[in-house]
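Two complexes come next, and they have one chain in common, subunit A, joined by subunit B in the first and subunit C in the second.
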Partner chain A sequence: MSGKHLLEVKDIRVVFPGKKGEFAAVDGVTFHLDQGEILCIVGESGSGKTMTGLSVLGLLPEQARVAAGTVRYQGRELLGLSEQEMYGIRGKEISMIFQDPMVSLDQVFTVGSQLVEAIRVHTKMDKRSAVELSLEMLDKVRIPNPERVFGSYPFELSGGMCQRVMIAIALCCHPKVLIADEPTTALDATVQAQILELLVELRDATHIGIILITHDLDIVKGMADRIIVMYAGKMMEMGTRQDVFSNPLHPYTQGLLKCVPTLDMPEGFRLYNIEGIVPDIQDMPEGCRFCTRCPRAEEECCIVQPELREIAPGHFVSCLKVDEVSEVKAGWAQ
Partner chain B sequence: MARFFAKRTLTAIIQVLIVTTIVFFALKMMPGDPVLLMLSRDGSSVDPAAYEALAKQLGLDKPILRQYRNWLTGLFTGDLGMSYTERRPVMDAIGDRLPRTLELAGASLLIAVVIGIPLGIAAAVKRGSWVDLLLTGISSLGQSVPVYVFGYILVLIFALNMRLLPSSGYVPIHRNPVEHFRRLILPACTIAFGFSASMLRMTRSSMLEALSSEFVRPLYARGLSKARVHMKHMVRNMLIPVVTIIGLQLGALIAGTVLCEAVFNWPGIATLLVKAISNRDYPLIQGCMLILSIIFIVTNMVVDLLYGLLDPRAR
Partner chain C sequence: MTEVLLEVKELKKYFPVAQGMFYRRKGVIRAVDGVSFQVHRGETLGLVGESGCGKSTLSRVILQLFPRDAGEIRYRGRDVEELDRSQRSKLRMVFQNPYGSLNPKEKVFSAIAEPYRIAGGYSRQQIEEEVLHLLGLVGLSPAHARRYPHELSGGQRQRIAIARVLALEPEFIICDEPVSALDVSIQAQILNLLKDIQEEFGLTYLFISHDLAVVKYICDRIAVMYLGKIMEIAPARALYAKPKHPYTRALLSAVPGAADQLSFERIVLEGDTPNAIDPPSGCRFRTRCPYAEEVCAHEEPDLTSCGTEHFSACHLLHKLAG
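Here is the complex of A and B:
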């Protein structure tokens, strides 16, 4: 990875205090994001994808801390910046939207006042122009009747509207990165599609780089330029959409893809599921964190930690058996 | 809003009527006879003829329902009757005493708000630190020490030992404003101690709740500073429950002034009421209760309206 990326995260390790000392909720996560790119981080709940997003903005829960790694934004190291300096990054350079839009806005202030506030903490704009920009932003996120919504309280709006407002607030200062943490999980399916469409549209218009955190493979398939697959705090695989969907190398990714039902499945088809459950995050196996559930695990898998290796240009996998696995895969293809 | 206000006013009037009715009949069930008390002040035996005459003069010879009706008619014409012991209209006696009690309660409320709310915010923001421990420790003390104990402790320290302030009494403001306020300090602080303690606790827990709400992280994600998140967003959210509870506590505040007025010899409506009860001065008791319940109900109404202003969801 060269130093010219918009955002570069390297070997990040987020630890929480636990029963037996600290445990890592995120371990060795490494990726980069370029302008205009949509990078999806996909994984089950508890896989560390949200913590990865929060660590970029320095918004981890109080007990957690980043124990190792670097986060570079346009070449500038963000970890170790003071809170004061982070105020200038959040919302201005890197923004974030959250899972449940209905509870992500302050309920006792109007949408307009929250927008104007977000604009005015980052710019020297006077109130009048901030109001104008707010209305413009509401229009940009396709809110019908921006004037009315401007004066509304969040509880008067639907979930989809709230998420649009959140996006308007996130983008009002023209950040270059947007971290979207499960932005549609709490919304109806139709609204979900509209919000995702809006994100793609905004990306096309502003070339903003988006990190989309989700557990929904359908969303990933429809939107991602590149994909990171996470499991139990570790990266299992990273590659382009093509890489991950057409040539998944990691047994976990392969299992995950087999779990997605499709319309052309024969009747009575039993959907695949990955055997076992995610091990306790405080009591992880010494080797590969997936070894307890992996169909291909061998003895050494449970002892040796696999490293993230670049198997093909841009395609990274963290599995000891990966060459073998890919041969098997190639065997299937024949 | 006007409709809401009209509805609240109507219920308030009904509430006042119910309270005074209960008080009226409760008084009649209370042992003790005002006529006897008035006539036998010097310990002599009572002449039956004089008894009859006085009872007739006070209207106490009539059936109880008739007495109640008379009182109600008086109420609606603005006449609360004559006090037996004060020997002047009840309205006048209350008019003298009420402002003093309101002044005392107002001063206590002001001190309690100024001390309790900021310290409650500080305790919540520094949760778990020694600041928090110290403040919550003092506040449990403040909540558990009764007014008459704390009042005398203050007198002991500031009046008797340090000789900074007068121990008790009252000087009308138009006669000597400086002395007036010097005599207000100790009683007001006495009530404010317990009141600010409970306000601190309410503020603290309400602030902690605000701080743990889901929208805090999104506020930071916009680039808002900690000071801004705390002082604007958290405080505004925290105030909604706190204002409601303050309103509910105003009743306790008025009850607190009864003891405090006694300790500091502050001639307010509470001491008047206590005296009226021991003399079975029916019109005066009725009048005081009427005024106190009106105050109580009106403050609650104001709190309801304030709540609507603070919380857009309640409008």
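Here is the complex of A and C:
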């Protein structure tokens, strides 16, 4: 990978202290993000997708630490930066929105004061122009009647409205990267559709790069330019939407696609079972982390850790058996 | 059509809203406001809607966890209040949160054995046999019987909840978002399990969910609720292929990535669901409906037939055809 990408994350490893010494919640995650791109990180709970997002901004929980890897933003290394220097990055260059907007907003301040604060932390703008910019931002995220919402407290607004406010706060200083961690999981289906639509519109208008973290394959299918599939802290597969949905190569991706009910599923189709459960994060198998549930696992898989290999341009897979697997057609056809 | 197992007629459940120093009644939330439907033996009726539409309240009123305010609930032709204990035990429920529905101080064995102990007339050995049998049915090993709920994963706990519901030969099971709290790979396991046991025991389900794809997978017929009312009820295939109600169309439009598969004009709704304390006059959906006309504000539409077993509550049915 060249240094021209907007954001480059390389071999990042996030460790937590555990019963038997440190364990890695995220291990060897490598990706890049370009301008105007939506990169989806998809995985089940405990797959490390949230920790990956947090590690970029240095927002990991106190007990966790980044044990290895680099995070480069426009060529600048972020990992060694002091807290003071990170302040200049967070919100200004890279912003983040979280799952539950009700929790992320402070309930005792008005929406307006939280927006103005976010703007004035990063710019030398006087109060009046900050207020103006705030109203403009609220309008940009399609909030009807921005003046009223500006003076409202978060608890007076619905979940969808709060998430719009969060997006307005996240984008008010024109960051170049937005990390959205399950931004619509707490919202209803019709409101979710509105918020996702808004994110795509904003991307088209401002060319911001978005990392969208989600567990919902439907969202990924509708939004992603490129996709990372994570399992138990490791990247299983990375590729364009076309690569992952039409030609999934990792047995986990293949299983995942077949075990989620979709609207275009043929009648009488039986969902595929990925047998078993995710292994304990503190007690991972020595080899491939998916080997305990993989239908194609062989002895070798339980001993040797597979590397992330580029199978086709831009399409990375971490599986020892990928050459055999690729011959099996995935999806409904099987 | 087979025998009607459960019949609900004009069911209403209002919750009073009390506020202020003397808890003065400020109004009522019309959680369920005149809902009628039938469930036939052996079928799965899906109930979909967004949060706050009253789907969970409806399920709890059917099982008498909340008293109803008006309407009828008949099970095999008899009002549910008149059922005796053994008949009542034929109606069961699986809840959304398998963490909350199991007693953390109780071992799995005793959680599953409880229905037998309450019913009485089982020897200790019989109970043990039954419990182990049920554990096997839901895909767990006898070793799990000695565990506490916190030692199990979410999927395993939901299996325990299902095993418990299968005790004493139930006939009608209400599944209230049984897979919403689970990861997708586990979700598929539980959905397949529910399908298998339905086939094996001839069970009837009322399956509540907000996920249209899940409902499509498991249900024969589907009812769509909005603000305490059923907007549309139809066989699954018809509902997805030819949805009649604008709200159903909006819900289907809202499924990410489904935009290019719709057989109708995509609807992205504006705004949020109105407050259930003061629902809009006439059709409840009119404030968000892109097609709303004069008549929608004045008259409340009834469910009218618009195809085989297909009913929709909309004034503009004939205009929106296609």
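As a convention for this text, the second predicted complex is superposed on the first by the 321 of 334 C-alpha atoms of A that agree within 3 Å, B and C clash if a C-alpha of one lies under 4 Å from a C-alpha of the other, contacts with A are read in each partner's own complex, and residues count from 1 in each chain.
What we mean here is this: a contact is a pair of C-beta atoms (placed from the backbone, for glycine too) under 8 Å apart; a residue touches a chain by one contact, two chains touch by 3 or more.
In this text, all values refer to a predicted model and were calculated from it rather than measured experimentally.
Steric overlap between subunit B and subunit C is absent once the structures are superposed on subunit A; the two fit side by side. In the superposition on chain A, contact of A:V29 is made with neither subunit B nor subunit C.
Of the two partner chains placed around the shared chain by superposition, subunit C is the only one that A:E267 touches, whereas subunit B remains out of contact.
Look at A:H215: by the touch rule set out above, it reaches subunit C but stays clear of subunit B.
In the superposition on chain A, contact is made by A:E117 with subunit B only, not with subunit C.
In the superposition on chain A, contact is made by A:M166 with subunit B only, not with subunit C. After overlaying the two complexes on the shared chain, residue contacts for A:D100 are found with subunit B alone; subunit C is out of touch. Once the two complexes are laid over each other on the shared chain, residue contacts for A:M284 go to neither subunit B nor subunit C. Once the two complexes are overlaid on the shared chain, A:M137 sits clear of subunit B and of subunit C alike.
Rounded to the nearest 10, the angle made at the CA centre of subunit A by the CA centres of subunit B and subunit C in the overlaid structures is 80 degrees. Nearest C-alpha atoms belonging to subunit B and subunit C sit 9 Å apart in the superposition, given in whole angstrom. Put simply, subunit A uses no single residue to touch subunit B in one complex and subunit C in the other. For subunit A in complex with subunit C, the residues that touch the partner chain are 44-45, 144, 158, 160-161, 188-194, 196-197, 215-223, 255-256, 259-265, 267, 270-275, 277-278.
Residues of subunit B touching subunit A in their complex: 213-215, 217-226, 228, 233, 236-237, 240, 310-313. Contact residues on subunit C toward subunit A in their complex (touch as defined above): 50-51, 153, 155-156, 183-189, 191-192, 195, 210-214, 216-217, 237, 240, 250-259, 261, 268-273.
Residues of subunit A touching subunit B in their complex: 54, 57, 59, 83-84, 87-92, 95-98, 100, 103-110, 117-118, 121-122, 153, 155, 166, 169-170, 173.
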